[in-house]
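Structures given as structure tokens follow.
Below are two complexes that have chain A in common, paired first with chain B and then with chain C.
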Partner chain A sequence: MTSARNYYVVLFHSVTHAIKAEKVLKEAGVAAKAIPVPRHISSDCGVCLRCVGSQKEKIEQTLFEKVDFSRIAHL
Partner chain B sequence: MDIIYFDNAATSWPKPDATLEAMNRYNEITGGSPGRSAHRLSIEAARIIFDTRESLVELFGITDSLRIVFTKNATEALNIAIFGLLKKGDHVITSGMEHNSVMRPLRAMEAGGIELSVIPCSERGEMDPQDIPPYIKKNTRAIFLTHASNVTGTIMPVAEVGKIAREKGIIFCVDAAQTAGAIPIDVEEMNIDLLAFTGHKSLLGPQGTGGLYIRKGLEKNIAPLCMGGTGSRSEWEEQPAFMPDKYESGTLNAIGIAGLGAGVRYILKEGIGEIRKKETALAGTFIDGIAAIDGIKLYGLDNAPGRTAVVSFNINGISPSEAALAFDEKFNIMERPGLHCAPLAHRTIGTFPGGTNRFSFGYFNRPDQIKTALEAIERIVTGL
Partner chain C sequence: MKKTIDARGLSCPQPVILAKQAIEENERVVVIVDNVGAVENVRRLGSTMGREVTIDKKGEETFHIHLSGGPATNDSPGKTPDTPAEKQSNRHGSSYVVAIPSDTMGSGNDELGAILIKSFIHTLLQLERLPGKIIFYNTGVKLTAEGSDVIDDLKQMEELGVTILVCGTCTNFFEITDRVATGTISNMFEIAETMSQAERLVTP
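Our next item is the complex of A and B:
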């Protein structure tokens, strides 16, 4: 599937971290969708959060000191 | 005649409708393996489990929901704490009122080279926190203490012991099997490092659920009991070191945890103060009632506020098992006779090996059931 949109994925140590981040982001009004970790990106756990490029910085700020994530990768 | 269920200290029954509804909902519409597969049902299952973590941390005053490890019951949680933490040469302190889920693993560790001190308790099951400092030594690693006895209901001075443990740098592990959901617990205020709880008693969840709270950083010193798939770091052949995956190998009891979450939210909604008030009133009425019957020996404190809604007693000349059969067959009262998996506590209160009758009340019991039970006891005593 090709997409014109500029997507990033946030990778986590565990599913619990990913779901916690999803909740923290939702409460902060930041859109992110839980999806399976894409095969070409090495997996920490099976679930990651996908967001559009414009939200990347906001996500980093929101998760900072709230939920540990391993890294953010370009999709 | 309706069944009168006075065995809530063994397992609570009935459960709130919300508990059963959450489990049905899980079964009918969620189903997926929590987080393993990342399709929408799998992610929804992971969210339900996460919500249960969040409800538990709210109830116990924990700041980070990643500090909760799910287990199948309090026993498994205590086994992780005891076998994971202690090493040969460590000294451990516990009380004379412990349940076998603490005593048996500790006795096994003792045989393997730890040193164990059991602080004597009074005949009513009380522990004086000032008895602890004289036992503390250079190699004292941990204190294991029940929050309340499952035999007498006596509430232990957890906050005072927590303070002593923290000051001395000793790890404090509390067995909250009898108290989680029944009396307030705050791990910060009480200086609790490890909190073992079970889901199927006062937390109003189903059997097969429980957990262990591990204070931040302490996981570095606690080995997991069980290793395996966690859904994370699948490319590694080594167990992850981070919370909660380090201790949560294998597919969790998601349907049970869904029910547990609903049970805990029911408690948060009703208010633990309300629950405590109602259960204390029921126990108080019962204690006052049996005090007025000749031929009954009550164990533990003679007032309800110092105990959970658990009351042990004996009927003169009638063994606990005989009495239990009469309660069940003649009066539809479900209780638990015997030693209650706590031989040490029965030795402390002087009822070993005969045991006691134990009535344990819950949030769904009613005053009229206490009245019926008191009449039943009177009839058993008088042989009618």
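Our next item is the complex of A and C:
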């Protein structure tokens, strides 16, 4: 893991939302990677989307009014 | 003594099986094959068995693979010597093998399964013990091709010493052989051998 990179994770209320968001972002050409929610963020067995810091705003804009997400956390 | 094996027209993994037998019994072997996949498989077999390998391209569909230097006299016949790569332990010395037969994990819902398999591969990388080898076959091979979301994870594992084997028959079937971006195109002989010799075989 390139920990030197500035990563964020977008967290969702459900796996269905995460899958939908992945699709929406892929169609919009925004880079985000589906990964399991890191244990230090939540112990839920969930999936989140990881992105680099520079993509954070773009992701918020792209998902706005399309897919609900709960929050974006620093990784 | 020199032995020549004409393996043209034979389907994978037949050339490898014939080559292995010939290499074990003869000091110098020439294997004639008609495709690049077979060249690669026989070449790898030769180096795994400690032979010197040279490849002579005779035509578009004719390759002569020269293997020399064997058989080693102090080895029991039929035994393939361990290569340093096989003995070499990666992160905490593990030798379990992961088999990935599909581009989804579990059955029931493929959309969910696609997310799960990606999560599984990403998580493998974070485990304290990495697998020694990962084998991809059937639709699983799609995960190793360009455009797959886990290429970066697989490349990192390769850098950490994990061997990634990709079923060549499968990439050929899906017509993605030239798009495989990580690992080595492999054959059923190597896949079956790896599975049968694994300390543990893990399938998600």
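The working rule: the second predicted complex is superposed on the first by the 70 of 75 C-alpha atoms of A that agree within 3 Å, B and C clash if a C-alpha of one lies under 4 Å from a C-alpha of the other, contacts with A are read in each partner's own complex, and residues count from 1 in each chain.
Definition applied: contacts are C-beta pairs under 8 Å (C-beta built on N, C-alpha and C of every residue); 3 or more make two chains touch, one makes a residue touch a chain.
This structure is a prediction, so every number in the text was calculated from the model and none was measured.
S.K.: Looking at A:A34 after the superposition, I want to know if it touches chain B, chain C, both of them or none. Which is it: first, second, both, neither?
M.R.: both
S.K.: If you stack the two complexes on chain A, which partner ends up touching A:A73: first (chain B), second (chain C), both, or neither?
M.R.: In the superposition, A:A73 touches no partner, neither chain B nor chain C.
S.K.: State whether A:V15 touches chain B only (first), chain C only (second), both chains, or neither.
M.R.: both
S.K.: If you count the residues of chain A that each partner touches, which comes out higher, chain B or chain C?
M.R.: Tallying touched residues of chain A, the top partner is B.
S.K.: Touch test for A:V47: chain B only (first), chain C only (second), both, or neither?
M.R.: So A:V47 meets both chain B and chain C here.
S.K.: So which bits of chain A does chain B touch that chain C touches too?
M.R.: Dual-contact residues (chain A): 15, 18-19, 22, 34-36, 47.
S.K.: Going by the contact rule set out above, which residues of chain A touch chain B in the complex?
M.R.: 13-20, 22-23, 34-37, 42-47
S.K.: Of all residues in chain A, which touch chain C in the complex?
M.R.: 1, 15, 18-19, 22, 33-36, 47
S.K.: Going by the contact rule set out above, which residues of chain B touch chain A in the complex?
M.R.: 34-39, 42-43, 46-47, 49-50, 53-54, 65-66, 230-235, 240, 242, 244-245
S.K.: Per the contact definition, I'd like the list of chain C residues that touch chain A in the complex.
M.R.: Within the complex, chain C contacts chain A at residues 111-112, 115, 118-119, 122-123, 125-126, 149, 152, 156.
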